[in-house]
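You will see subunit A twice below: alongside subunit B first, and alongside subunit C after that.
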Partner chain A sequence: MNGPVQSAAGQGLCACHVCSLVSRRTHLSEAAHCPRCGASLHFRKPGSVASCWAFLIAAYILYLPANLLTMMETGSLISYRKDTIMSGVVHLWKTGSWGISLVVFIASITIPLLKLISLTILLVSVQRRSTWHPRQRARLYRLVELVGRWSMLDIYVVTLLAALVQLGSLATVKAGPAAVAFGAVVVLTMFASMKFDPRLIWDPLEREKL
Partner chain B sequence: MTDTPQNPDLPEIPDAVSEPHRRYAIQLVWIIPIVAALIGLSIAVKTLMDRGDTITITFKTGEGMEAGKTKIKYKDVQIGEVKELAIAHDRSHVVVTAELSKDARGLLVKDTRFYVVRARITGGNVSGLGTLIGGSYIGVDAGSSTESRDEFVGLEAPPAVSMDVPGRQFVLHSDDVGSIDTASPVFYRRLPVGQVTGTELDRDGKGVTVRAFIRAPFDQYVKTNSVFWHASGVDVSLSASGVKVNTESLVSILLGGIAFQTPEDRFDAPVAQANAVFSLFNTREEALKHVETAETYTLVFLESVRGLAVGAPVDLRGVTVGEVTKIDVALNAAHSEVAIPVEVRFYPDRLRSQRQGKTPHSRPLNSRELLDSLVSHGFRAEIKSGSLVTGQLYVSLDFFPKAKRAKIDWSAQPPRFPTVPGTMGELQKQLMHIVQKFESLPVEELSGDARKTVQSLDATLKSADKMLKNIDQSVVPEARSALVEARKSLEEVRGTLGEFRGTLGEARTTLGGANRVLAPDAPLQIDLREALREISRAAQSLRVLGDYLEQHPESLVRGKQEDKK
Partner chain C sequence: MSHSAPLIACHDCDLLQREIPLNPGCTASCSRCGAVLYRNATDSIDRTLAYSLTAVVVFLIANAFPIFAIESQGTVKGITLLEAVNSLWNQEMQSISLVVLVTTVVIPALELFSMAYLLLPLKFLRLPPGYTLLLRLMRMVAPWGMVEVFMLGVLVSLVKLTSNFKVIPGVALWSFAVLTLLLAAAAASFSSRDVWNRVDRITGRWVAS
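Presenting the complex of A and B:
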């Protein structure tokens, strides 16, 4: 970073979201569109914080049923069980599969929760125009973005088993309602992190400098 | 950002195209959390509403049950799970706390039964084999009550018949349970129509109560006057009527069972209510006897009743109209005699139905009047021997017009029916009488007399002999000479006859000679025939000679000319 930090927005420059053409906006109060492709131009993602909050809250709400309801119903000739994520983890731990148990616990319980918390921290800090550790927060955002697509482990397992293990009366695996909720949580957090505009982390910094 | 700062370093950046400001009234994105909230809320509400009830069931043991594992199943569908197993405060039983799903709420009524399903192998069936692998579970038999409750006492064994099977249960009382057990079959006309659902000892210990379930539509055949009996095993009975073997079916021989029947002639009786109480009899015959209205009478016999057993028939000219129920001994100290009051159960209906023909139900005659009138005509009871081989006795009812006048003593309890001494007793008595008479006879004198008689007889015979000898000496020689003369004259006659026979023989030979001469093969005849033949030949040659001479008269002179060749 050379010289004073100055953002493109600070200089009235705006990049098109579609064709990435940088254009200059002269009348900031008016809406503008790209001179090349005609797409609407925004300095920042429009309604970023609000939509992010919306997705995040939805994710929070669905996180509860995802963990409380049954994830998977396994029925076999001799037994029948309904497992929530947590009971599955406990069952795996009890039966000695500690490794898998840990993986499931981290992938299905910890990571979604951490994602939710991270996004909340980011949003709150952005809204409060905090200047606290912007680089750390940016790194956190990148981490959330990165991890997002990998937290569907449970869904993969359940859908695969449900599709493959259909032996009629001998053994069946069915996805429970929690699977849908869990999938929704993952998707919603991905949307939330997508909607989040990381440039907002830096805006208060510039303002402070200005 | 109120101003647009110009940056000289970036001159070629194009200007954005301005357009009129557009206001977004609401951001659509907020619909998502609202929808999520709605979904979450609905799930929460559903979960809350689906939250089942927690019930407690007490069992004697917790065998095969495990908290968090043992399921509660209704019709093999899981409706709940055991959450907790605890021992009751008094340590006498196990309290199972279970959580049932919401749809099982209707099952939680007063008469719902819970039982542990384990693998069970009994004589009649094998059940619950799946529990060998999957572990035992708690089965539910839904009740029909409307009174809900959440505390139950579990059954130790599955009920034989689940409550949703249509049919009715009946209560049977019996002296003993025999070989009947839960799940023993109930037969109607040898068709299995139900099951025994339970057997228990009566509280007073004087009998047993058997609960039998009859499936619909067979339950309609249980009438108020139906009778139930043990169909278990083989019933071999030896009675005055002989040996009898009675069985119901092979299954019942092995497992025991109950059979019931409604008397044919009273089939139109009303259908019995559920849980109606019936008696369970030991045999079919006993049961059928009890269908009829029975009256008990006492018959007092003075003779021995050895061979008369309880259950012996009361017979009226070969028709059994009752049976002996009790035999006592009554000692009459005042008269120092022993009487034997025999209690009999008498079925007046059998008598009446014969009298009334087609209207067995109408009872114009009361049995008391009927019997009184019969007794006044000499109707009495006596003991008779049913079989000389087995020595079985039975009570026979019949008319004894010569019997002493008697009446039924209705004041006694049970009424006392007049009897006459049995023919056996009578016979014995008479025999005794004869023997006594024999004994009183002066046998020795008689034998002395007899000897004298024999001696005199001997003398008589001897004199007779003498007389005969006299006759022999005086009469016989004369008779003999007469006879000799007679024989001589006879011989003369015989001689004359011999001569006559000789004459006849000569005549016969003469005739035979004539006969021989005249016979066709007699030599005379043959000679004669040959002579005649010769003559005819001679005549022929004479004719030939005459013919020749006629043609050749010269031959007389010249002789016969030679034929010229």
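Presenting the complex of A and C:
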């Protein structure tokens, strides 16, 4: 780079979030639209921190029923079990399906926790206008965006099993109340990470330089 | 670095930079945060169009045929994705059923059909009506298409079922596997920058180079 490090916003320039065209915002008070694609322009996502917190707190609350209640009920002539997410993983491990058990553990337990904790760290650091390891935090955010969707795995498994086994009369599989809570956690954390604006990580750095 | 090169702001850290020419297959990363700014994808529009059109056909097959079937008491019962969604709806799990329907059927269908609708005219240097709206819509819904996660879900269910039932894989199982690969290939070859450059060439606006 030649010249000092500068952000677009510092120059009164704004990049469109849809088509990436950089344009100058002249009337700061009015709502601006991208001259190329017509999407509304913002220097930063509006209400980013507040709405991200809202989604995140809702996800934290639902995280409890998602892990404590029954995810799946399985019954046959000889056995009947109610499984939470964790006991389902343990059951898979004990019955010898180590690989699958590990996949489910990562998708249903590690990833949701990683998302909740990472987004909390990102939000707190942004609110404190921290200048601590911005590049690492930017990578953390990209990781959250990348892996978040995979926690939907258990929802699909429950859907397929419940629908298929319903057809056979001897065995039953039913989705439990935790499925709804868990689905909500996944959707809410996805909304939270979409609402978070990674550019806020870098803003305090520029102020410091000036 | 020439000063006629167009300005670009990093979408992750808002650093203002100038575009540089790239060799085919290379990517430009932000000099501050390391995010990928743009790629020089070879024949982006042609390749994405080819993958999308193929994926449309495979998508229809994947939804029309059973994913797998189980054999119990001598009868074989198969299930399609839509039947699974419907069955969950009838089991008082409407919210989950809707999430599954939207993430595995509605959004992928929307993405594939809009991709074909946009890229086919663009290839022949025509602008399809409503292209700005569709590109904005596609940008918005992109994170919610989860065919690859669903594919993993199918595999996990398959393993879970084989311990208790005789499972017969269906046509849609293979179709979903192929669809996952095609979607990944389409996503890898798609470049929003190339689409907008093509649009600019047609409209004659914002032409920088």
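One rule holds for everything that comes next: the second predicted complex is superposed on the first by the 179 of 210 C-alpha atoms of A that agree within 3 Å, B and C clash if a C-alpha of one lies under 4 Å from a C-alpha of the other, contacts with A are read in each partner's own complex, and residues count from 1 in each chain.
By our rule, a contact is a pair of C-beta atoms (placed from the backbone, for glycine too) under 8 Å apart; a residue touches a chain by one contact, two chains touch by 3 or more.
Since we're looking at a predicted model, the values are computed, not measured.
When the shared chain is aligned, subunit B and subunit C each come close enough to touch A:V22. Of the two partner chains, subunit C is the only one that A:W202 touches; subunit B does not reach it. In the superposition on chain A, A:S51 contacts subunit B only, with no contact to subunit C. When both complexes are overlaid on chain A, the residue A:I85 reaches neither subunit B nor subunit C.
Residue contacts after overlaying the shared chain place A:A32 against subunit B, while subunit C stays out of touching range. In the superposed model, A:M71 makes contact with neither subunit B nor subunit C.
Once the two complexes are laid over each other on the shared chain, residue contacts for A:L140 go to neither subunit B nor subunit C. In the superposed model, A:L119 makes contact with neither subunit B nor subunit C. When subunit A is checked against subunit B and against subunit C, the one touching more of its residues turns out to be C. By the touch criterion defined above, A:I111 reaches neither subunit B nor subunit C.
On subunit A, the surface patch touched by subunit B in one complex and by subunit C in the other comprises residues 9, 11, 13-14, 21-22, 36, 38, 184. Touching subunit B in their complex are the following residues of subunit A: 9-14, 21-36, 38, 41, 43, 47, 50-51, 53-55, 57-59, 61-62, 64-65, 68-69, 77-80, 177, 181, 184, 188, 191, 195. Remark: subunit B residues 1-2, 4-5, 7, 10, 13-22, 24, 27, 29-33, 35-37, 39-40, 43-44, 47, 71, 78, 133-135 touch subunit A in the complex.
Looking at the complex, you find that subunit A touches subunit C at residues 1-2, 5-9, 11, 13-15, 17-22, 36-39, 76, 92, 95, 97, 100, 103-104, 107, 134-135, 138-139, 141-142, 145, 149-150, 152-171, 174-175, 179-180, 183-184, 187, 190, 194, 198-199, 201-203. Subunit C makes touch with subunit A in their complex at residues 1, 6-9, 11-17, 31-35, 67-68, 70, 72-73, 77, 79, 83-85, 87-88, 91, 93, 95-97, 99-100, 103-104, 132, 135-136, 139, 143-144, 146, 149-150, 152-154, 156-157, 159-161, 163-165, 192-193, 196, 199-200, 205-206.
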